[in-house]
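There are two complexes below, and they share chain A, which is joined by chain B in the first and by chain C in the second.
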Partner chain A sequence: MSTLALPRRSEIIRAHQAHGGRIAAVLPIHYPRALLRAFDILPVEVWGPPRIDPSPGAAHLQPYVCSLVRNALAFLLAGELDVADVVIVPHTCDSLQGFASILVDFIQPKQPVLPIYLPRGNRPSDLEFLANEFRALYRALAAITHCTPADAELLASNAREEHADDLLAELHRRRNELAMTQLELYRLIRSREYLPAEMFIEIVGATLHGYSAQGDHPGSPRQNVPIILSGIVPEPMVIFDALAEMRAVVIADDLASCGRRLYPRGTSADPFVRMAERILNAPPDSTRGGAIPERLEHLARLVATTNAKGIVFYDVKFCEPELFYLPTLRQGLQARHIPSTVIEFDLNDAFSQQARTRVEAFIEMLG
Partner chain B sequence: MSLSNEINYRVNTTIGKAALRAVRWQAERQASNRWKTDYLAPQLKIAPRTKELIGRHYLEGQYANANAHRKVAWATSGAPTEFLKAMDFYVLYPENHAAVCGTARRVEDISTEAENVGYSRDICSYARTDIGAMLSGKTPVGKLPKPDLLLACTNICQTVLLWYRVLAHHFNVPLIIIDTPFIYTETTDYAVAYVKRQMEEAVPIAEKVAGKKFDEKKFREITRLSKTASELWSQVMERGKHRPAPISVFDQFIQMAPIVEMRGEAYTVDFYADMLKEIDERIARGVGSVKEERKRLLWDNLPIWYRLRYLAEFLAERGVAIVASTYTNAWAELAPMFDPQNPFESGARTYLHPILNRGTGYKLETMKRMVKEFALDGAILHNDRSCKPYSIGQIDQRDRLLRDADGRGVPALLLEADHNDPRAFSEEQAATRLAAFVEMLE
Partner chain C sequence: MTDIRALGIDVGSTTVKIVGVDAAGNLAWHLLEPAEPRVEDQVTRLLDIADREKSSDAKIPLVATGYGRGLVLQATRRVTEITCHARGVYRELRHGGTLVDIGGQDSKVIAIDPQGDVLDFAMNDKCAAGTGRFIENTARRMHVPLEQMGPVALATTAEVLISSTCTVFAESEVISLVAHGAAVEAILRGLHRSLIKRIVAMIRTVGLVSPLMLSGGVAQNPAIRKMLEEETGAPVILPQHPQLMGAYGAALMGL
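The block that comes next holds the complex of A and B.
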């Protein structure tokens, strides 16, 4: 077993800036990485972050807004996003909509704030709209950077991101072969949140090559109870160590920050349409308003293809997109004899003993 | 449709409507005052007619599934339903039904049905109420018709889409989504084109369900009626500028039902025309909704449906009239955008622009404008736990109202509650805060 030495976010940001590149702080979840990179803007995602002082956010947001959004605002107000040249806020939910709106109208940080609207369907009209939305983002970025990348550069950037995402998908698929802990695996998966595609390709490529066909290891499903983790983001990340202690292994995930972003390759020769296609054809996601049967089929397929024994819905408190689907999804899973449990968490809480006990009881029941 | 169904439908709706009319006549003769305080003017004479209209609407709904000539659509309150009405759909608005449950104080009982199967109390209480009603059949309106079609428009929140996904799965019927990109600052031509295209593409889906061809001439006429009713509703609210205000926001909350769920109907136009006449009579006679109006306030956000009377009376007794509301204004401010000659294009533009689909800065500007135009002394911002899109931004909006409305501060109170769930409302706490706020206004 090996400990992966991943570069830290701050190192990556400094290195990118050192060669003249810009930084975008990007809020969850879906956005066109390739478009930003074509402008030499490195997207660095902001998923909270967890365990910070959320009180500055409380001066603008009500307590019933999820901790992911409140923390992001607190982080920004504390000056932690000052390193960013631009803030990108995808329209993921009502809370992020409000977040972007108060940034634009009231808080007005030093960087430009660029919201992106993501359509809630996958019809031709949605594709056309999203491509137009990306064209508008292109114009906004051009105004900020004074660069106007040509279609060929956009397509090259697309190709690089598609290659990185292919490897990310392979990493998800071949996780059983890798002699690394679950925590290490998910750190590697989540490094896509800030690593430039070319670096991610290099690291993941080497990892997949170096660790193939290793046989049994501590994270092997042969020795552990395989489960699916569903939700928005696996924070606190110690959940993976806790699961390992319970002799459970996340064999696949339906996390908005991870498995729901396994974007397929696009097909269009138009770079904007291609970027839009990739997002709209990603696995079903509550925040994109996917139909319940689609989500249910997706989860059932994940279970069937991985032989998972059950699903842990691990959700951020107050996350309406997730909460609406849960009862029907769980009923549908139960009808297919797939057990599931729900754990709610706040980004600022440790992995509580109560949550640990519930997951433990669930794993024991599966085992 | 079987003959017995046809007879059942005709007899029940005819008898039911006659009974509702009789109830209305009786109420009009008695001219009863529903208030428990003398500080409020008697209810509007048109109130029994509102009750009759709402009663007729739900009565039609009760038997709608028995009428094979008419299909049922459930739609969100901000959805462009004119094209459905052009195909003679009976349109039910679950949000309105939930509000009816709220005023009837049935929410706790009904929403528990949803909570018992796993719906979190952190989701919208309208949704919980309607999902509870869907699962249990419990409702204060007799019976809700099953939908043949669902129409969700995201111009009021993303929540409705998630909610309608649940409905679509439960009823196994088609769901039309009209997605309206949120307007942070200003809209784009491609967003208008996107909404227009979705509306046009929805027509064949609805035609298939209705078994009827879309009638564009009828669509234009219904759009015209929607526009006219919205204009009249706008004038009703404008009358609140008079001092004393002839109509309060609490009256508006009750009288808004037709503009939400009966838009595009000739009788809705007649209703608001008559209401306007009555209000003008009140103005001529110097009748104020609050008899001793001393202070005038703005209401922001949804009503607290289960405490309307309590709040109206509490404030009236202290000489406070709430005369303007960003919420009731939402069904009026878009009236000029409707163009009956160009119903798809103008419909797309209209339904993109509700206040809930616009940025927090726009809402602040709307509040500031209302404060000025209605000569208001302050604002109550209902911090509604169940409506994130309306509530997020209120902390900053209140702050700006306090310190920079035309150089003079406007007192503003954030009142914590939930529009439909009484379990999230502390009457003692609200009373203390309201009393302190009113004292501060003096």
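The block that comes next holds the complex of A and C.
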């Protein structure tokens, strides 16, 4: 099937509401999907969205807050999140924490706003802390929905999400076998941001099954310069078409919205601990306090296993968790002879001529 | 009539350059004009001139580079100015090093290895303060001809510190300095210093490998060369036609 036929967010939201389900607007990046689904709440992620009028949001925020948060606030103020029954704000960074405070203290939207605090590490105490955060979220959702799903239901929901994430990982791994463009591939990967797991499983399962033949096709790294794309979110998505025109192919990614959410299966019989394990054992992420040596190792391993020739850090302007560590991270990459370049963008920008020249020059350098 | 085997065209924000190379890769012919608003028409006209100039009727490759490379519909290939400047300068100077290209709208620092390949680069494409536009704007404000900016700045040893890091604010700072009676020469010297300090910060991110080489229109400004040497302690070398290096590199890629 063609990924271009993916259902739209609005259709999915309407269909879910039609059978009595609720909607959660979820801000980036990590949260327990399985927990929400156990309450029949469909998480629909809000990555900005890009290219909207940001001015209503900008009025409440300092100029150095990233465009993702600015746009999200403008979106909410324009009533575009009214469809949601609850807003979930993970404590990804100071900007998002500030966003949650502004909502709770000043704007007070019609829906409840539930923050999730994420630990900055992966020690046993972090696991316990996160599991407790999810227990608190469970209690808050129970108060809103008047439902109290049992452990067995939580574990079943978890199993469904794990299955969907297994397929997501397979999609990442087998990207070169698929007869689809990079843009189509990333639309499919990013459909995890709003599709219910069962629908994602069906669509991705069919895609992987349908395109298992080997051979040359649009995404083949044999004809192109293989690179790794890092950063938060690949917007505007035309960047994938631009890369294809430059004869570059994203052979793997370290994007917070994509490759950093390849959650492995959990092992615990306790549903809350299992959900927490999955997030803490995901690839290292600056927003979860991933240390530089750990991120460096991860990137070097990605480069080595995929034969990527370099890394493009495609970062949102003013994204503090990403940009703060970038110079040291790049120094480490340079010491390992892994070339990299940095492009900063605002969610309301088109893919500019300047950005194109930078990426193109980098590809020429690698090629 | 000239023996031209490949053409390179560099469509920049302030000027358009076209270069023809012979079979050995020598710069055989060139034209340089201020950029016109209708780029496609200008390119077509320049290509007609090149067509009349070349000695054979055979169709030859045309490689486009520069900010407007996408608008050169006749191009057989498009390559970024980073790769082209590196190629042109390496062919002319025959060694690697660190190339600084200060253009009208952006500036770049390119590390070139001993084989002529680009090793790394840094670009300032967001802020006019590190580009030729910074000097152009002030020249207009101070009523000093652009080509005199460097010599005037070098005519004194006194120097006024320009603290604004933004072109717009620097302009107001300059006006205020003039109003307070600061000497034009010292202001211009300070202004050049401020631009050079930005370039040096970019050089540091790439890592300085001697010698420093300069290309782009601003390379003709003697104060830029002198201050770059002062700030880095490295000798600065210029190709014969610094402004043509992008187009020259593009033409070489067509061979």
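We adopt the following convention: the second predicted complex is superposed on the first by the 362 of 367 C-alpha atoms of A that agree within 3 Å, B and C clash if a C-alpha of one lies under 4 Å from a C-alpha of the other, contacts with A are read in each partner's own complex, and residues count from 1 in each chain.
We take it that contacts are C-beta pairs under 8 Å (C-beta built on N, C-alpha and C of every residue); 3 or more make two chains touch, one makes a residue touch a chain.
Keep in mind that this is a model prediction, so the values were computed, not measured.
Partners chain B and chain C, once the complexes are superposed on chain A, both fit on it without clashing.
Shared-chain residue A:Met365: touches chain C; no touch with chain B. In the superposition on chain A, contact of A:Phe318 is made with chain B only, not with chain C.
Of the two partner chains, neither chain B nor chain C is touched by A:Leu208. Of the two partner chains placed around the shared chain by superposition, neither chain B nor chain C is touched by A:Ile144. After overlaying the two complexes on the shared chain, residue contacts for A:Val83 are found with neither chain B nor chain C.
By the touch criterion defined above, A:Ala156 reaches neither chain B nor chain C.
Between chain B and chain C, the shortest distance over C-alpha atoms in the superposed arrangement works out to 5 Å.
No residue of chain A lies in contact with both chain B in one complex and chain C in the other. Of all the residues in chain C, the ones that touch chain A in their complex are 67, 70, 79-83, 106, 117-121, 123, 125-126.
Across the complex, chain B is touched by residues 59-62, 64-65, 91, 93-95, 97-102, 104-107, 115, 117, 119-121, 123, 125-126, 128-129, 132-133, 136, 286, 289-293, 317-318, 320-321, 323-328, 330-331 of chain A. The part of chain A that touches chain C in the complex is made up of residues 339, 353-354, 357-358, 360-362, 364-365.
Of all residues in chain B, only 117-120, 122-124, 127, 154, 157-159, 161-163, 165-166, 168-170, 175, 177, 179, 181-182, 184-185, 188, 190-191, 194, 197-198, 201, 359-361, 364, 383, 385, 388-389, 391-396, 400 touch chain A in the complex they form.
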